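Okay, got some structures for you below.
Here subunit A shows up in two complexes: once beside subunit B, once beside subunit C.
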Partner chain A sequence: MDPLFLAYSYFRRRKYQQCTDLCSQLLEKNPYDQAAWTLKTRALTGQVYVDEVDVDEEGIAEMVMDDNTIAQVSRPGTSLKQPGTGKGAPSQGIRPMSQSGRPVSGFVRPGTQGGRPGTMERAIMTPRTAHTARPVTSASGRYVRLGTASMLSTPDGPFINLARLNFAKYAARPNLAKALFEYIFHHENDVRNALELAALATESVQFKDWWWKVQLAKCYYRLGMYRDAERQLKSALTQQEMIDSYLYLCKVYVRLDQPLTAVEVYKQGLEKFQGETTLLTGIARIYEGMNDMDNAVKFYKDVLNFDSMHVEAIACIATHHFYTDQPEVALKFYRRLLQMGVYNGELFNNLGLCCFYAQQYDMTLTCFERALSLAEEQTLADVWFNIGHVALGIGDMTLAYQCFRLTVANNNDHAEAYNNLGVLELRKGNVEMARAFFQAAMVTSPHMHEPHYNWAALADQLGDLQSSFNAAKRAVEAFPDHVDSKELLKQLRHHFSLL
Partner chain B sequence: MPESKDQIKEILPKQGLLYQEDMPTVVLCKPKLLPLKSVTLEKLEKMQKEAQETVRQQEKDAQNQQLDWFS
Partner chain C sequence: MIVFSWYRGSNEKWLDAYKDPVASLYTLTQCITLSDVQADGDWKLIIADLGTGTFDMKLKVYKGTNLMSENTIIDLPTGVETFYMDTHEPRTPAIAVASGPYIYVYKNLRPYFKFTLPTLEVNPVEADLWNQVKEEKINIFVLREMLEGMRAEGTVLTVRSLRFLQLQDITDCEAFANLYRFTPLRRQTVITSLATLKKSHADEDAISCLVLGTESKSVYVLDPEAFTVLTTMELPSVPVFLSVTGLFDVEYRIVVACRNGCIYTLKRGTTVTTKNCIELNSQPVGLQRINKTIYVGTMDEALHCYTSKGKKLWTVKLPASMTTMEIIDYKPKGFKAVIVALSNCNVHIYKEKYLVNIIKTDDVVTGLKFGRFGREDGTLIMTLRAMHRTFQRDLYLLRLNTAREYVKSLENRMNPISSDPQEPLKLNATVQGIGPMFKLTVNLQNTSLSNPSTNLLITFQYDDKLYAFKNSFIEVPMLVPGLNYAFETYVECQSDKGISDNVKVYILRQGKSIPIITGIISMPCTDVEPIANVKKKNQDDF
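And then the complex of A and B:
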């Protein structure tokens, strides 16, 4: 068989490694074989390709020293930095919060792992915990690490030596330039060279190709030049309406912290592409980020009208139902996910919790056993934490204690487990131990209100009124509507005024 | 979904003999549903793991070669 034909066949079947090997052989015979060269670049790109719309990694530097936002203190409901009003969302006492003060989502994407911490202090503290590692800037993030690793794994150096490439020559040849650009951008992660190539290429086609404009925007986005990215994308959209361009434009607006504009753009896109699920999901994500659960769930349901297999929508709606006191409805959604073939520790953990709270006790422990056997290191701690809750529910305090201990053994900065251990110790009457646990919880995640409040209540009973006052103030800061903390604070204020 | 507008208000009896004691109790952290991972995230993590593996393997090979060379 013709080796080039075979290589193409491998490429179509996504057997990129075999395709690359074959192309390398062809190129050894004839180094000027353009077909083989293009195919090899495309195969190498395919190996590491991830959808650029979904990838979003925000480093500490971008986040804290962000000078793109217009106002430091924005009006409520217009910024993603402030958690928002919480319309239709369950209270913070029921649904756990992430560090940014938003309810935990039912679904994680590359950008949503950390959330935006509000202050420099928090931003620097956050990555200390082993499980939320955040790069200092996105320039040192995952992309670069992947790039260097792929370079190391090729023993005879990189396939294309970018420093020796004459970009002007390649830019004039559209058949080679597009593959080369994707190779530089995705495989080498060399944004600056990619930008140079894209700029030359768009010039050589007299600025008439929307594709190059979108690629330029991608480069600008990675380099943090958001306004330039916006201009390129708008120009691309006037030439050719594409879903991808809309998604990128919204990504730029989200980074510029203009969620309402982003929603507007999504809606413009929806007028052209009716029922496009990626656009609908985008709107839902933004509402979720602004803690506007009514709208978020509405749009997720819209997504399900068009695509009933949409994992993200199902997971987010299920999470919402669980935390608004309808575990049996959540159970239905999670079971649907299981039918669809999602099979991992997280899902079984959620199923177990839903079963327990929907009073289907026969399935609970089986689900958790499955979750334990499937879970990876990072989720194992959370699974044990939830089993601890089941144990608390059936009144088996010893088992609960052991479960929380195991949580801490698996992840030694699991603040929730420390807090619950403190509560259990207090029940046993070990005040000193309880204090130590509450303190550990307070230090590891200051955004939670429970340990602050517990510490305050305990200190109040022990007569240490000053530290009780301070802790209660921190609890109210973390959760402004917490009645018990406010009550305690009122009592203490009254007490102090009598002195 | 619970409607936030017409929530039922609690009725607190104000007449007659009434004994009320509010004990401040400590609170537990709530159970946590785990978020599912998106396909992109899973792919990124897989790629990262594989890349680390290859690099580690290469380093090991290089070490072994050095050892062979010395002995």
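And then the complex of A and C:
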């Protein structure tokens, strides 16, 4: 068989390593074989290819040193940084919040865990469930690692030496240039050179190829030049409407913190590409980020109309139903996930919780048992925590205590478990222990209002009014509508003013 | 959970008589029977309760709706029957409970006699092995290996050998072998099904023999007075359901549904069983007989009817899978029908192949019995799968597992909070930074009221190829109760592969090797590619 044909066959079957090896042999025989060279470039890119549209996590640099911000204090409901008052969403007391002051999502995506930290110290601290520190900037090593690229690559030096490449020559040859660009962008992760090549290439086709404009936008986006990226994408869209370009443009707007514009663009895209689930999901994600659960669920339901196997949509709707007091409905959605073949600890944990709250007691503990056996180290702590909640529900304090202790043993900074342990210790009358637990919870997760309030109430009883006042203030800061904290604060103020 | 409904001849077919949702019974059709055990004309309900499935098994007798007596059963019951074993007046029947290799006979609700099944032949190799252990010629490792080999070859082993192979711990194995090596090795079988057969008269209160099916693929007929085996019949497979008619001394038929999906008919004097064999398409769930027709419910959601010769008459497709079945024989009206419980919480009554009545229940029915109860001729008793009971059983298990895990974590001192009242400490650790240099902060707090902690040390366990600690050993000053102390060290990630590992923090007391508390930190990945110059400069800064 013709080796080049075989190499192509490998490429199509995604056997990139075999394809690369075969191409290398061909290139040894004839270093000027353009077909083999292009194929090898594409195979190497294919090995590390990451869907640019989806994977995105804001780096510390973008977040803390954001110079694109126009207004520091934006109107509520127009910014992702200060999520709205929560239309249709249950209160914070019912649906727990992530660090960003946003309700926990039903589906873990990059960026749903951490949120935007207030201070530099919070930013460099590891967020709890994500369990890796966030990237310094998204232009850094994180992208390389996502694709496990050049770090682990070829023993005999890089395939293409970028420093010696004459970009102008390649830019004039569109058949080579596109493969080369993707190689530089994805495999070498060298955005600067990729940008140079793209700029030359788009010039050589008289700015008539939308593809190059999108690639330019990608480079600008990586370099943090969002306005330039926006201009390129808009220009590309006038030439050729593509779903990818819409998605990318919205990503740019999200980064610019203009969620409403992003939704607008998504909707424009939907006019052209009706029922495109990626666009619908995008809208739903933005509404979810803005704490507008009514709209988020509406769009997730739209997604399901077009793709009834969409895991993210099912999971998010299920979570919404669970927290709005409809565990039976949530159970239906989670069961659907199970039928679709999602089989992991998290799902069984959710099924167990739904069963418990929907009073289907015969399945509850079986689900949790399954969850325990399937869970990985990090989720194990959360499974124990939820079993602890079931134990609290049936009034078995000993079991609950053991479960929370196991939670803490599995995950040393599980603030919710510390808080609950504190309450249990308080019931037993161990004030000092309770205080230590509340403090641990406050240190590890300052965004939770429960430990602050609990400590405030305890300190109030002990007569330590100063600590109580400070803690109650922090509780109100974390959850402005918390009635008990506000009552306590009012009482303390009254007390202070009397003196 | 238990429901009593009474049969009435009017339009309304059934009358709800009694329902006890917290009876917490776990039983099956084979373990329910109705009988006039006190010969006072007031029929009692006798139930062998399977308890949790492992313990708490009880024989319960209900008089009306009240629990009259309760006897503990040692092993899991597999069948309950009442039979007349003598001709004494008043005519009180005995209760036979099949459980493990024994039949427990109760008279006047008191234990009366225990019948043990004849033992089976032990595999000579196995017997020889245990003999050698007894004489200490071989050690337990050889024994274990040999037994495992035998099991792999498919040899049927004794319960003792199987239990021995189940043991995980070497010390347990040794203790087990030492304890049992002097007792003779026996192979016993287990009763799978129980029925009765009238001996020589067809009267209602005539003396009956017991018919048992066993795990060793045989059917025994027992003499009711002397408790000796009258007849033994071998089958090609393990019998699971028995249906018996006729008289032992004259002529009888035993229809047996077996685990291989076949139904065999045994007659007086037969030795060959393969004649008149009915081969089913699926596993049988229930077997009943009305006159000369055999009704079989199978796992493929169907109810089949066969003649006693083995000819199929008809098949009815059921709307859901069947859980159990029972016969309605209502003599005052001459009404005979099959009653079938389904997994969709319905109970169907089939008169021949026609569905005549449906009863809806709250939950899945596991046990059914129709007969005379109290002074009412037509009573249907249903036991439901109790959701609450399942939950309770799971909860016991969960409590046990949790306690085990908890003890394990205490033994390993894996907890970040000390449970020792002498060392009231709490630890939490945070990692800050983006790599390759991280700052690790260990927060220690003395949680006692007034006892200061002294002589403590902090040390770390880590992969030294991956991380370098600036300070891997920290001496802790005296800890004043209630205050939070922070101890910091710098950790450098040595790898540029973008991998990370767990680091353990131990708090030790001077002179003791077991840590008081342990914290596990999962280190974040390094985000910046380490560049030699920058790294150097950083280190100088520190």
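Convention: the second predicted complex is superposed on the first by the 473 of 499 C-alpha atoms of A that agree within 3 Å, B and C clash if a C-alpha of one lies under 4 Å from a C-alpha of the other, contacts with A are read in each partner's own complex, and residues count from 1 in each chain.
Just so we're on the same page, a contact is a pair of C-beta atoms (placed from the backbone, for glycine too) under 8 Å apart; a residue touches a chain by one contact, two chains touch by 3 or more.
No experiment lies behind these values; they were computed from the predicted model shown.
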Contacts of A:Val108 with subunit B and subunit C, given as first, second, both or neither: first
Which of subunit B and subunit C A:Pro96 touches, first, second, both or neither: first
First, second, both or neither for A:Lys169, with subunit B first and subunit C second: neither
Residue contacts with subunit A in the superposition, subunit B compared against subunit C: B
Partner chain(s) touched by A:Arg192 [first = subunit B, second = subunit C, both, neither]: neither
Partner chain in contact with A:Thr444 - subunit B first, subunit C second, else both or neither: second
Overlap of the subunit B and subunit C footprints on subunit A, listed as residue numbers: 142, 145, 152
Residues on subunit A engaged by subunit B in the complex (per definition of touch): 48, 50-51, 54-55, 87-88, 93-96, 104-110, 113, 142, 145-146, 149-150, 152-153, 297, 311-312, 315, 318-319, 322-326, 337, 342, 344-347, 349-350, 353, 357, 379, 382-383, 385-386, 389, 392, 415-417, 419-420, 422-423, 426, 448, 450, 453-454, 457-458, 460, 484, 487-488
Subunit C-touching residues of subunit A, taken from the complex the two chains share: 60, 121, 124-126, 131-136, 140-142, 144-145, 148, 151-152, 360-362, 364-366, 368-369, 372, 377-378, 387, 394, 396, 399, 402-403, 405-406, 408-409, 412-413, 421, 432-433, 435-437, 439-440, 443-444
Partner subunit A, residues of subunit B touching it in the complex: 1-2, 4, 22, 24-38, 40-41, 43-44, 47-48, 51-52, 54-55, 58
Contact set on subunit C toward subunit A in their complex: 385, 387-388, 390-391, 394-395, 397-399, 401-403, 405-406, 409, 414-417, 419, 424, 426-435, 443, 445, 447-449, 481-482, 484, 496-498, 500, 519-522, 524-529
